[in-house]
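Every chain is named by a letter (A, B, C and D) in the order it is written, and numbering of its residues begins at 1.
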């Protein structure tokens, strides 16, 4: 099935054209993609576009903008939580968003029916605070220059610079971006599924047998792996390390709110069970002379790890929204890496693969029980 | 319940040669040792030294790292008090050292039945404002120096925008207020309720110092701040009023609802805007998108902000916690303080002023607000008929 | 001018189930006509109408919202309409602060027997909104 | 001196069908064992969410024991196999973050007929925790 289509237009233009034609021809009823908001395009947010003109030159949509205001996996879950749309919807998402989406499908939080998934090889996104007041626009030329060379711009989020899963899996159509030197004039679409093929039918382009795993991609994996090790090495561990790291946590639980995998409508830590009676506080006070109010910073983080780390896709939203600038994503990725290795699991790899905690082998992990 | 003391006409004095914070911590330590109260809720520097956290403590030794007036407000004290007392009063008398906006939030939460203040003695200080959280965490040492300098000079420019225009930085509602404004070697401790009076009594401190000088200073500063607030709100209104401006202001909102989560008075366990009420089948979203050509997703950004205001603006204490927690630096605290001031004015209420004022949406008058009733012009349709 | 005449507002009319709805029934009994684009929506009591439900249509597609309940002192739950009045005052204050045309919200008492008054209110509000023009929020995709 | 006075506080999540029965019969048989385990009876070791374990630790437990039926003998077919995966996950998190809780956390299979084994597990685990000393988490103020 996998085939690729070389189109003699720039990547951005190709993407816009593709989406516009999908909407115009009625092949999809809407497109979920990034778009500018506000009268002067001050903000960038995901939108469900139904009007094809949004994808024309100067239109509101900016599907390849290096920014992630929300994890689109979570958004698609919200869109399809109560059932798939009756007509196809296309979504332009980043590889980590796609992984989150696959995990959410496994968690019965969304449906992939009638969803056309378009993704691209990803060179990362800028931190949220770089996107305030159009400050990001100035960085765009540098960003795309780096993409062409298969590099990552230095101002891109550390999480992204350390991400080794930047080649999307399970996308119906993949737009090759990373390391494509002639990005401005030519674009390769990799059509990975029959669904994808049906949607690109009629698109003008030369078919080719180009592989996604190009040389620059391989090189990027190595670079990012190195950076990842560097980040992991900087994580403060041990209880004292965690207390130092989370000492400044303000308990807002924003990390949980934006986490695509944390889908529970009511988190244990926001529930009545986590509210304490005066007797609890008095008991703790008696025992150790003092305690934090509200309590549960390290407990919350460990609890969240226990609940979601096997499915953590390393999208970095948690770090991005943290008002206290705690490097959550690095810590969670480090924990997730070993937890996922334990079960030889990679979140988002395959929709049919069970989440490790929902399945088991008869003979395994014998050393755990003593 | 706090019975009002006969006008705050006098206070006790405390020598503060070694600085206000040290003197106050010393005083609190003594109070703990004398068992004037059993426990203390106070901001304490965290182990990494990059922020502060509220600790409930009874061991006076822990107080060494305490700061009655830290340079940041990571957790709104009202919220901390609510978490502590939401299930009841407990058996300990707790003194909570908080900022005036935090005390106001605690008072609102008490009225909203989310806090029990019977055994809590609210101690507030004249507040110079706080630095934005992200500024401080980036470089705590520089932040602390900047804060100390600005606080000493009464300069609010490095503080958060909501603090820059705060006009309720003193007194209002607390049981004990520590007057430090313009303090020169001596600070005043002013009882605001019988609970506060009992504390001073227990400490053996005579309440005999005249407040005139300090009151005059506070009043002067309050007037200046009120003017500043009026001006800031007028300027702000220019930039937010109208559909276009408003949507520009919220254009970068990522719908994380963190403003709601850190808001002390947004106490609902399940927010309406995160509930199933707004989680709809895909056809709904697609139809809405179809009508407008596109639909921001997640949807309902503006509905969330205005709706949230409709739920909490009357209890909003303008503490600015929302703005501090916004990952997109939206001036949400300022916009909410503007909405809150005008809404509270319309309904004759000041959030956190006193435990006695009833919440405006719980209470009503028979004869009021006739301006919102649309007068009936009886001849309206008859006129139409004649015109036709 | 001609365009203005073509504008047909979308209006939601919240009616309390005792008085407001009663008014509409009386109007129907007398075969009184009111504009078709005014969509009545029944709530048990105006006091049971959350502020969010006034705001939500104004963002999602209505050009105006009008609310009718019992006259002061006539509320079937004693004080629902007084509470509603405070809530409307709050919503109007918020809308005014944000420059979102508080005049798109009307609050007028209509008793069960006042069919004419119900029809007048619907008609008058419709004309009023026509004069105001379309609600700018309803066409924005980034709300 | 202090060490001698230290009696570990171990929270034991015991499965209703196997280990709880074993503990019961150990008691009835008057077997001697350290009074260190505070028993929480759960219907199945598979019922134990990682949060239970964390809650115990953060509430001051010096050790946590999960104990249930041997693999293949679960009264709900597979609950203990889920418990094993969860335990492995939690241990992996503790290991990655180099948290000392890893050594204070044990999963053991004890069937209903194995009262002596239960006693042995408790003795061993208590010794182990005694060696390790009181959990340092108990005294942390900033958790």
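The rule is simple: contacts are C-beta pairs under 8 Å (C-beta built on N, C-alpha and C of every residue); 3 or more make two chains touch, one makes a residue touch a chain.
These figures come from a predicted structure and were not determined experimentally.
*Asks:* Looking at A-C and A-D, which one has the bigger number of contacting C-beta pairs?
*Replies:* Between A-D and A-C, contacts are more numerous in A-D.
*Asks:* Which integer distance in Å separates the CA centroid of chain B from that of chain D?
*Replies:* 45
*Asks:* Counting in whole Å, what is the centre-to-centre distance of chain C and chain D, each centre being its mean C-alpha position?
*Replies:* Each chain's C-alpha centroid was found; their separation is 63 Å.
*Asks:* Chain A to chain D: how many Å between their CA centres?
*Replies:* Going by mean C-alpha positions, chain A sits 37 Å from chain D.
*Asks:* In chain A, which residues are in touch with two or more of the other chains?
*Replies:* In chain A, the residues touching two or more other chains are 37-38, 43, 45, 47, 60, 243, 247, 289-292.
*Asks:* Among all residues of chain D, which ones touch two or more of the remaining chains?
*Replies:* 141-142, in rising order.
*Asks:* Two-or-more-chain contact residues of chain B, please, as numbers and ranges.
*Replies:* Chain B, residues with two or more chain partners: 44, 46-47, 53, 55, 57, 62, 244, 247, 251, 289, 293-296, 301.
*Asks:* Touching pairs of chains, which are they?
*Replies:* A-B, A-C, A-D, B-C, B-D
*Asks:* Enumerate the contact residues on chain D facing chain B in the complex.
*Replies:* Listed in rising order, the residues are 141-142.
*Asks:* How about chain C: which of its residues touch chain B in the complex?
*Replies:* 50-52, 55-56, 59-61, 66, 72-73, 79, 82-83, 85-100, 106-109, 116-117, 119-121, 123-124, 136-143
*Asks:* Under the touch definition given earlier, write down the residues of chain A that touch chain C in their complex.
*Replies:* Residues of chain A touching chain C: 37-38, 43, 45, 47, 60.
*Asks:* Quick one: in the complex, what on chain D touches chain A?
*Replies:* Residues in contact with chain A: 49-51, 54-55, 58, 60, 71-72, 78, 81-82, 84-93, 95-100, 106-109, 136-143.
*Asks:* Mind pulling up the chain A residues that touch chain B in the complex?
*Replies:* Its residues touching chain B are 29-30, 32, 35, 37-40, 42-51, 53-54, 60, 69-70, 75, 78-87, 89, 128-129, 131-132, 240, 243-245, 247-248, 250-254, 257-258, 265-266, 270-272, 275-279, 281-282, 285, 289-294, 320-325.
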